[in-house]
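Shared between the two complexes below is chain A, which has chain B as its partner in the first and chain C in the second.
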Partner chain A sequence: MSATMVGAPAPFRRFVGRHLAWVGMPALLILALAFTALIHPEFGSFDVQSLALGALPLAMAAAAQAVVVLSGGIDLSVGSLMAVSNVLAASTMQHASFTQSLLLAALILIAGALQGAANGIIVVISRIPDVVVTLTTGFIWGGVALLILEKPGGGAPPEFLDLAAGNLLSPWLPNALILLVVAVALIWLPVRRSRLGLLIYAVGSDRIAAFRSGVGIDSTRILAYIVGGLFSALGGLALTMTTGIGAPLAGTYYTLSSVAAIVIGGVRLTGGRGGMVGPVIAAVLLTLIPTDLIFLNIDPNYGQVIQGTLIVFVVMIGGFVAVLQSRK
Partner chain B sequence: MNETSSLLDIRDIAKNFGSVVALRAAALNVRAGEVHALMGANGAGKSTLVKILTGVFSADAGEIILDGKTRSFRSPAEARQAGIVSVYQDPALVPDLTVAQNLRLAKVPLSETVRWLTELGVDDLDLKAFIRDIPYPILRLIDLARALASEPRLLLLDEITAALSADLAEKVFAMVRRRREQGHSVIFISHRMAEVSAICDRATVLRDGITVGVTDAAPGSQERIVTLMLGTEIAKAIPKAARATHARVSSSVAPALEVRSLRCGHLLQDVSLSVHPGEVLGVAALEGQGQEELFHCIAGVRRFDDGAILAQGKPLRLRHPADAISAGLVLVPANRLQALLQQRSIRENVALPMFRRLSAWGPVAMKAERARVESAVSRLQIDTRAESELRRLSGGNQQKVVIARWLASGFKTLLCFDPTRGIDVGTKRQIYALVRELAAAGSAVLLFTSELAEIPLACDRAIVLFGGRVVDEMPASEADEATLLRAAHGLAARSEAAA
Partner chain C sequence: MSGPASALSQGRTMSVRGVLALLRRHTIIVLILLLIVFVLGIELARPGTVNATWLSNALLFAAPLGILAAGQTLVMLTGGIDLSVAAIATGAAYILATSASLGSAAAVALGLSIGIVVGFINGIGIAVLGVQPLVMTLGTGLMTGGILTVYSQQMLASEPRVPDFIQALGAGKMFGVIPIDLFLWAPLAFLMIFGLARSGFGRLLYAVGDNREACKLAGVRVWQVLLADYILCGLFAAIAGLVLVGGTNAADLSLADVYLLPSVAAVIIGGTSIFGGRGGYAGSIVGALILTVLTSILTLLDAPEPIKQILYGAIILLLAAAYARLTD
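Here is the complex of A and B:
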């Protein structure tokens, strides 16, 4: 690196480099959708709708994981938090009116934020690695979900389900998609644009440098877990809306898949780099894989194999690029 | 008499880390409008004192008086609010944020920082560039400009000129002088004596955690500062008895290790050296003069940017520590935790690098392994009472285990990087006796020690690193602590001695 190059790469390269998620991930999604339409010519508004419905809970899980990982942590209790909020919703809303269920949803979101806060506080105070703490709390919340609802059941008023399952504007623009964009934007944009967003990225990137810049490390990490808990609770509500019931064990799938989504969506696992667009689109892509396998007459259980292979590849390529850059 | 004009008064600060005493009775008085140097050899307690002053650590005893009021800072943020801002040796900038974001993070006005950057000679900086893409010297100036933008009354500069080119360093000095004219104070930490006398008013000298003197920093007082750093009793006593009869080195034999114009990162600029079989070459340097990079490059831990490393006259390709080990270059690091498996036994630790030779695949040849390990362990007189778990051994015995493992697996050149750090005097002597013994048996040894007084005890010859270059070379008989200390501060030691 020459001394005169005080700045960075050329403007174009920098734009692409900085907005890879904005440029690359939508392009990848369009390609995948085009491929789906190719192998399944009847691809129509119904398929769009079921895709949006299927992707909604995972997208929320990915958003939850993304916030925590960006702050330099990890949350392996995402799935269990979703399960708790899912069974809480299904067991309390069964005989409720629409207004009541909205009120209950708000309470469940608060509960999710508190669960996230508990994760963050334990991580910060105990100094036990976040992997261990969240794995353990996830285990506890998994048990709590089973206590609330022993086996799949419960329900919610149809108007509540329609928040995701309907299509208010057009059959090509399902409510689930609108809900996804609105919910993520409503929570993430204020965080990203405020000082908190800066703090989250700073703490995830270099804790010591951030500390020396006068940043409160512990409070930032707790806040990241709180935002994560909020997204997890939203994911649980989304599960209720898309399946119509509560299932205490449904959450388990989402913990690892949320990690998959953020890795594929360009969030660095050690924190500090990445955004929200990538993980959300990656969640849609991951949902599309089993669907496409069905269209191709392949056992959809291969989906998990493909998903795992993708993670290994993405992480490997990321590591490879880092090695190449450090050799320059 | 200066009580009224003093901005900062630190008294009787003590700080222990476990059983290690970092500061015993540190005092520091800085007047308003003064540039004050903080000096001391390695381990004198400079950085601990700075960290206490800026709220990174809290002191065990003593008081900090700022503007006549007793204060204690619990975090860097609190110290900053009181007007004390430090520029650390590693920039406090977050790599994945842009310059502008880093400034917002520290709540520093953007325009002010840009103005300071321009004044420091950086006027084409892209504020949207990520910190990770910006070269190290510029980062230090950004860090400095950011500190200045918060208008500190007391600015701490820790080795600010390291890695800065001469013209940028001159801009920094001009800035420091202007601060003084405006009535602000600066604490200046530097190993470069010439810089200290050029811009500082007074100097406080620390030795072994105690403030041993405050002196005028004008050019004529360099000798006094060196004397203070040395202390009175050390200068006279070099126990000649401890030194073994040094092997005579024949120059006809190819050197066991030769380094040619090695460059690595921003700290190691240009180092050439050679060590012959049977010779112990001492490396003297103050902190951060490139010695760590030098040892890491030779041991294959780090890749170098330029230059060559040769063993027995053959150039080496060092891509992994295994390459260095198979070329006979083995490292004894300062931090024993980096070399040893704390939970495992002495036997396993000693045998670890041997596995390759005894059996590449399949079961370990236990009998052959045990015989070799036992001979190495008994030769070094390692205390084996706690042999089942290494972490129960004392530091000195652990260090012996590191040497024993290389003894057991065979080597040609031993690279000792500060091997006696935190080890008691008795074991220290044993380790140096061992180093001499190994050299007498034909090994070459490259030895860095942060305690300059140890160099004449163990070495045949010494080189001095300063600013990533070899600035002096001398036989051990001339390498007394005073000479080494002068050279390590960039003073022309030998010419002065001659004159």
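Here is the complex of A and C:
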């Protein structure tokens, strides 16, 4: 990245370097959208809507993963948590009114936070590494999702689905996009601006230093998992709004893709560095790939290959840059 | 364990402490005792279940997990993890089945080459570029899975077929009791245990896992050790995939998915530290056997599948947590 900016004036370079997610990711997104419009000249408001709708669940998953990774953990149960809230929503809202389903959604968010709390508490108490705990709890939550709804089914009132699927203000500004921005801002901004946000970054970047400064490591990590659980539950609700049904196995895709999104979105995997804008935009980019493949008449199944290759390339280039820098 | 201890007199408590200390030093005894308790539990719950056929079936089913766990043990000893083993195993099985028309030897060679190639990519990223093993192997796993999906769509015309001798390897029994895959697993286990304890490469794995910087300072080419380590892990995963597909005689794209968690869990329960430098393959073998017997117990429970899944995950967490407490 630094090589391309050699000619730029120093203050500009510093600004871009500090706010890479704010500058680079939107630029990348605009490029990708321009490319899409180029290969698919009919690109219109409908495509914007379906892109925003399609990206919503993954963006939430990415947000969930980002919070946990920033605190120095990793959550491989994101997909299963989403599945649980997805099937909870679809099985309880089927015959509910709009108001009731909003109430149910609130309860499901609380359930998501509790599930996140369970993940965090197990990580802290058991002293087993995060990877192993969340890999296992992911298995357990997957079982819970299957227990709630054995086969894909259920539903939700159309007004509830329209929270994401409709477009209230303008066809070019789909509800899904508004919902995404509002939800992430409502949850993340207060956390980021408060003491908790500072603690999450502190614990994520250097656990021992944070401990010596009197930070409650365990409580911070649990809180990060709780915020993650909240985002995962939102992701499950988003999945319900996008698909209209509940599917106990629908979440599995999102665990790996959420990691892909945060890696591409510039969150450091060892914790403490990164933000929320990068991962969320990366989620939109990742959703755009299969769409573009269809426009290019390529098997959309290549989407997964590209996602995997992207992760591998991004981290390998990151590693390569680090190796070069250490040689200097 | 504290229950009986408190009932004993002061002098006897000392010997109980001695026993505890002994168990701490030789945790494998605890694991074997646990395995025996599990088997006895089955026999008590359903008298007559445990016989020669049951034992031979348990060994038959444990072999692929045991071989996967061998690779996982190798990378965990260096403080790594390989989350691409399930995709590799599935890939090896699928390539074998779809290229059976080329002749068995070629099909097996192609299948195993998947493991070597993915292992090599993992190794380059982790060993040379210093990428975190978790995200590197997650990415290559996603990549491998995606390539398989694309490949399978182009392979619809030719029907996958599992060669006879692979079926014999994965499902056959000699004299009706000795599972044939044991003839693969046992030498491999011997090589693993002997190699880890006595060979230079084996000792280097422990050394690198214990203190990478010290190894570098001592002149060890750490990157070569790690590269070889991940290639071996990939190769073992591919071998496990071949044994698996021999057992099921049906190569599908989710063949080994369910083995990812057990492959990690068997190693953790078996006492290998995920932070590296501590553990060994003997524990992983017992871990794999415990998990296989656990599956057998859950099958006997006759509970619905989701309940089994939840119990399986919960018991893994309990065992791993208990282990972490015992050795702390």
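We take it that the second predicted complex is superposed on the first by the 314 of 328 C-alpha atoms of A that agree within 3 Å, B and C clash if a C-alpha of one lies under 4 Å from a C-alpha of the other, contacts with A are read in each partner's own complex, and residues count from 1 in each chain.
Keep in mind that, in the parts below, a contact is a pair of C-beta atoms (placed from the backbone, for glycine too) under 8 Å apart; a residue touches a chain by one contact, two chains touch by 3 or more.
It should be emphasised that the depicted structure is a prediction, and the values quoted were computed from it without experimental measurement.
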Which superposed partner A:Y201 touches (first chain B, second chain C, both, neither): first
Comparison of chain B and chain C by chain A residues contacted: C
Which of chain B and chain C A:G214 touches, first, second, both or neither: first
Common interface positions of chain A, toward chain B and toward chain C: none
Interface residues, chain A side, partner chain C - complex: 74, 122, 125-129, 131-133, 135-137, 139-140, 142-147, 150, 256, 259-260, 263, 269-270, 299, 301-312, 315-316, 318-320, 322-323
Interfacial residue positions of chain A with respect to chain B in the complex: 1, 3-9, 195, 198-199, 201-202, 204-206, 208-215, 272-273, 327
Chain B residues touching chain A - in the complex, by the definition given at the top: 75-77, 80, 88, 91-97, 101-102, 104-107, 122, 124-126, 128-130, 133-135, 137-138, 165, 303
For the chain C and chain A complex, residues of the former touching the latter: 81, 121, 124-125, 128-132, 134-136, 138-147, 149-150, 153, 260-261, 264-265, 268, 274-275, 304-310, 312-314, 316-317, 320-321, 324-325, 328
